[in-house]
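Below are two complexes that have subunit A in common, paired first with subunit B and then with subunit C.
Let's turn to the complex of A and B:
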């Protein structure tokens, strides 16, 4: 972690406030908002900043998340840089509009504070955003307040380059409500990295009126999907490039995935996203033969990055994804994506469900997963439920 | 790495405190910090936890803190509810917000610090008594444990609290200097923060056994997850309560005023009468002559006007004609004598008769009733009303022997117990020369006029001077007026200090009685025409005296003289000692010391207050005490807590302003010779309309507000038609208590989520 940066100021910020800071630094012009725990303080903070003149944006209280995302879509069509935030039920409610935003190719960035749906629960869980993985949105999962702030800034560049919307996901409470050290970059630095939004191919042009959203006949439909696919498969490389540029300018380095202690000595690799990663980092220091693969870009799933990260992993090693999600299937989302990325690879992979609905995942639970994975794993394991 | 865990209730500001502490540590040095809450149910009063990690290097743990080095207890009441000390490191420390000494906490081997954070917070105006906002004080105390720079601490607080920056900073500084415990630095806490060395490793112990997935006691929707069918939401519990209304609280007779008014509002007049009669056997009398302390303190006074309880009482009393009396059988061996048939004596007699004793009342005068009979003029209290109420008491089984001037000594051989309630029928003296010859005694005049028609020689056109400011003075004046005289009251203080019932004074003035304030008699003499020259001196009010009223002081050189036909003094009364066989005794309520084996009790005017209602209350109490003695029981007067419903507790928005029904009065042009009752009371239809003006202070009257407002439909009517809360569905939001018009739902921190 960089501790000296003349172009930054140091703050103690909650994840939600760091997210709002990022939106301000990106000079977003339109914020349609609807509150929902544990996201609410993001839009509250933005409302505060707009009302105090700390940012020049139009802030609109909407009547629902469906409306908020529809308004976001309209404003993006009009050429605005748009931001909003939601969580759990709100994201589910906006589901239909998520498709529209992605397939209209609108470069919106949102923050989602992960919480589940039913059984009703407000605590940390990634089932909400993972259930949206097929809507066409790019998804990043942040490990810290710092990473969320940095990722939002990178996401606008990525979204506007490829005309694909981005969802930055943070964990409920463990990130959203956790105050920690954050370097907040100066506005000049962000401006240098992220140029003002240019009108995109879908932007409304008053000199050239046209219709949006009309019926697309079969002969065009596939072509639209094809062009989306052609851009989507660039995300992995483009995200890595943008993160590299960001590291040069801001001094903080991120990758689509991060490999920790993965090499010839590694017998077991834990696969994590978000805040569980931090705890796992601490635990594996006790276990020289245990590695950690952090997934930061989840969608499109960075297949090449994962394969590269595991390049030196011995063929008899074990891979153990830790799932803070449940999608109604035998295996969790991480396991499914890892299997897809590693199809044909020789590794044994055992899935571990842990921490859904805010169940705390302390170091002891990570150690338990390590022991079970090495000694007596099932194909799918539920930890800490007895 | 240093790990701190805090325990508080939602609303005390702990989450903000931990954020501020994180910022403070980051300002104090090159620390990495991590502060976060573990929200359970995030509502006011709910037990919550917060966590703080402070480290010299990157913090590699984002889970809750299970093994803290320091535990901070923001709310002492959590000690009994939540396992707050779980997991504390062996050498760890605790900081408790308490006034207790450290020795009150049993934590072997742990270092204990205490801080009176609640007191400090309240002194600085932070939060309320029920939920003090203690966070700034706790920040100060935690800052002290780490010897934080006070300037940094204050600056961080001022810049980060949502309101009252100065008060919060001040509370923190006070707390910083008020922590009790071992001297600093605490080596363990100091090392955790500054020289952590190697971190302790995890405590996980691997077991060969696989986890038993099958057989888990898994919840399902058909089986509630908690003791409450809708989840562990409730922290604060609403309850229907019966709080004491000011009318009941202020009735000297102890009447359940609220209940009889409510029953009258439901047109259940017989039941209302019974309720009233339980404490007051003279409702017809009191409806007419009581000053109605109940009305004076009625919460409705703060809205429009008090409920006309007097008129309702009078109406119910007059209904007694319709209700038969069942004689009470004698079931007890003891015989009881009561000396005096006034309100206290007859009330005590009735109560003891109802309990099965044989009771005989001895009255010196030819008619029973005491002061009600002899001291209250007929135009205020017609004989028929009093006769009816006394007759009911006799029908119950009380024997009354009139013209029986008896003493305790005469009775003690025949009765197990004697109650003296002889009242105060002897007028006080002016202590002026010629007083006996030239003035009459007011209470004697009233008695003789009422019982034998003795007009004391008052003729039409006479000018009568009445000295005094109490009810006797007013009654004498109104009587003299009716005898055709010009009645002038001379009172040494002002209207505000007059002990007479205000309404009586108003009526007297309306009838033509004159009152001269701030003047007192200084001398009496007879002039050559046989008239009386009454010398008067003006007074001014000085400092309050022992009665709490301002003391009148004569104004020098202000003497004047009036010529009158009669002077009647009414400056106070005292009791007649005849019953005490010549012994000098100071009467007081209840059993008194008396020579001889027969227990002797005192009640009524001679022992307590000066109104009929106070005498009735005194009679009720003395009956209880006598009964307890005869049954060999310990007598404890009912302890009345001063917790009464006040205007601030009433939700006036839910009531309609309705004018008070005042009742009808006759207004004859000439009162000469007219001794009829002038006030006619309220008609039955108005009684109902007036009764439903009652606010029902502290008593659920099924208005249905709670039912309508409850967002969880947790309120229902039970089989008896009463509103009840189904705690399986109540989430403790408190809307019912907030919207209750009459403060009949309490909402207190009496239950916590698991």
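Let's turn to the complex of A and C:
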């Protein structure tokens, strides 16, 4: 990662503030908001920037997340670039609207600071966003605040090219409320990368009135799904291209997945998302035969990128997804998607539930997972259950 | 005296072929409304009869943009559209919600209250036909006391009074809200114009004839709507910043029976053993009317509008 860049300024920012900075840099025009921990400081910061005239946007305090997302949908239909942020119950409450936004093909970008469902828990957990896997939204998970800022900027380009909404997910507290060194790009650089939003096929045009979203008969509905699918299957490749362009212009490189120490020497691959990745990066330095696969683009799951990352992995290697989610199923979301991506591949795969509800996943836990995976794994393992 | 012609539609803004039932109020309502609002309007429709009436994809009854949205989300969707249009300098474009009573009194009430309290520059039209008619006549909190619906059938007729939506909306201190009847077209059109020309959140509630739901003859829709006003079951009034003003005071007392007896949903009320129910409805209607008179007096005390 570059440590100096003349087109950036360096700031110490909490993840939530880095997210708000990204929305400002993307020149979003409309921000409907509703507070929920641990997201709240994102919209607080945005409302502060709008009130001080630091950004030209319309900020509205809505009456719920359902209404916030519906307002986002309305403004996007009328052609504005829209941003909002939520977490946990807020995302669950907006579920119906998430479907509508995706199927209206509106290029909205949001940040979700992951936390699980009631019984009340406000700590880091990806069950909220992973429960929205099937709403039609693209999902990125950021490992650092820098990555979240960069991914929000990339997401607007991706969303507006394909007319598919994007959710950028941060870890609660480990990211949202933790200060990091963040390179904030200059506005000019972002403007060069991200052109102003153009009206899309689903834009209200007063000169050419249309009806949006009325009853669609079966044969037409299926056709709409087909055209959505045709664009959704381009996400993986398009996201890579956009990240490559971004790397050229901004000096920071990202991929759909990142392979660390995966090669012929690797006997075990940990699979992680978000901040657990950083912990695992440190731990595997002690283990020359342990690799790490970080998933950044989670939905649509980057099957080709995963297969490419594991190209040199020996057939008898073990794969161990580390889950910070619980979806009421036998295996966690990461395991399910990895199985889907690697169907027919020879690897043994064991699932590790480790960090739901904000439970810390320190280096010792990662080491424990490595130890269990190598010695006495079950198909599904719960680590550190008191 | 000049013949009354203030109800003639001069600038038709709808296409023919709307999918409404015979005698439905929606089509007449929207024909008049759209002709007065003009083509520079974005309509926002939650799930409702009118979402169906205005046409399936790729058809549209209206010669303006129409956004079909989620049941609970029309005022919120309209908020986003309004904000976007304002940012684009289209401040004169009207954003109008067309909702039913279910989408207004029940599932959409929170979003309605939110938009009203924020003072969004939106015109909200509620066609109150007193039940979820689109899904087949299920009870809403707008359903009248004593009415039979498919979820309050037989002796299980509705035993609670409908929500006072106008009272709730008045409490939001709106610049303008009014009740309207398609049997009083000049009054309705006058109120549409006033709502159109007022800035802020405005709400018009229209008494919605529904022959399949009310079990009435389609040809009687306007006749019954007029009786609803004459019997004071559906009083016509305006509210400006919580100041009430009655639009029409019936010349003579007409008992509620006169309106209810034409509607199959109230048929059981006319059995001897249910006489008390009719008396209850009359007494509640009288109370409500007297309350409106008192509210009007209060408005005079507080200062006329």
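Keep in mind that, in the parts below, the second predicted complex is superposed on the first by the 386 of 386 C-alpha atoms of A that agree within 3 Å, B and C clash if a C-alpha of one lies under 4 Å from a C-alpha of the other, contacts with A are read in each partner's own complex, and residues count from 1 in each chain.
Just so we're on the same page, a residue touches a chain if its C-beta (ideal position, glycine included) is under 8 Å from a C-beta of that chain, and two chains touch if they have at least 3 such contacts.
Quantities reported herein were computed from a predicted structural model and do not represent experimental measurements.
Chemist: Is this a clash or a fit when subunit B and subunit C both end up on subunit A?
Modeler: Fit - subunit B and subunit C, as placed by superposing on subunit A, sit side by side.
Chemist: Touch check for A:100: first (subunit B), second (subunit C), both, or neither?
Modeler: second
Chemist: Just subunit B (first), just subunit C (second), both, or neither: which does A:72 touch?
Modeler: Second partner only.
Chemist: With the two structures laid over each other on chain A, which partner does A:232 touch: subunit B (first), subunit C (second), both, or neither?
Modeler: Neither subunit B nor subunit C is touched by A:232.
Chemist: Thinking of the overlay built on chain A, is A:220 touched by subunit B (first), by subunit C (second), by both, or by neither?
Modeler: After superposition on chain A, A:220 lies in contact with subunit C alone.
Chemist: Can A:189 be said to touch subunit B (first), subunit C (second), both, or neither?
Modeler: Neither partner.
Chemist: Just to confirm the geometry: in the superposition, how small does the C-alpha gap between subunit B and subunit C get, in angstrom?
Modeler: In this superposition, no C-alpha atom of subunit B lies closer than 22 Å to one of subunit C.
Chemist: Do subunit B and subunit C land on any of the same subunit A residues, and which?
Modeler: The overlap between the subunit B and subunit C interfaces on subunit A is empty, containing no residue.
Chemist: Applying the document's contact rule, which stretches of subunit B touch subunit A when the two form their complex?
Modeler: Listed in rising order, the residues are 15, 18-19, 22-23, 26, 30, 32-39, 58-64, 66, 201-204, 206, 208, 210-213, 216.
Chemist: Spell out the residues on subunit A that touch subunit C in their complex, using ranges where they run on.
Modeler: For this pair, the touching residues of subunit A are 29-30, 32, 58, 60-64, 66-68, 70-80, 82, 96-97, 100, 204-206, 209-217, 220.
Chemist: In the complex of these two chains, what residues of subunit C are touching subunit A?
Modeler: Where subunit C meets subunit A, its residues are 39-40, 42, 44, 51-52, 54-60, 62-70, 72-73, 75-88, 90, 93, 110-111, 113-115, 117-118.
Chemist: Inside the complex, what are the residues of subunit A that reach subunit B?
Modeler: 1, 3, 10, 12, 14, 122, 173-175, 177-181, 275-276, 278-279, 281-283, 285-286, 360-365, 367-368, 371-372, 375-376, 378, 381-383, 385-386
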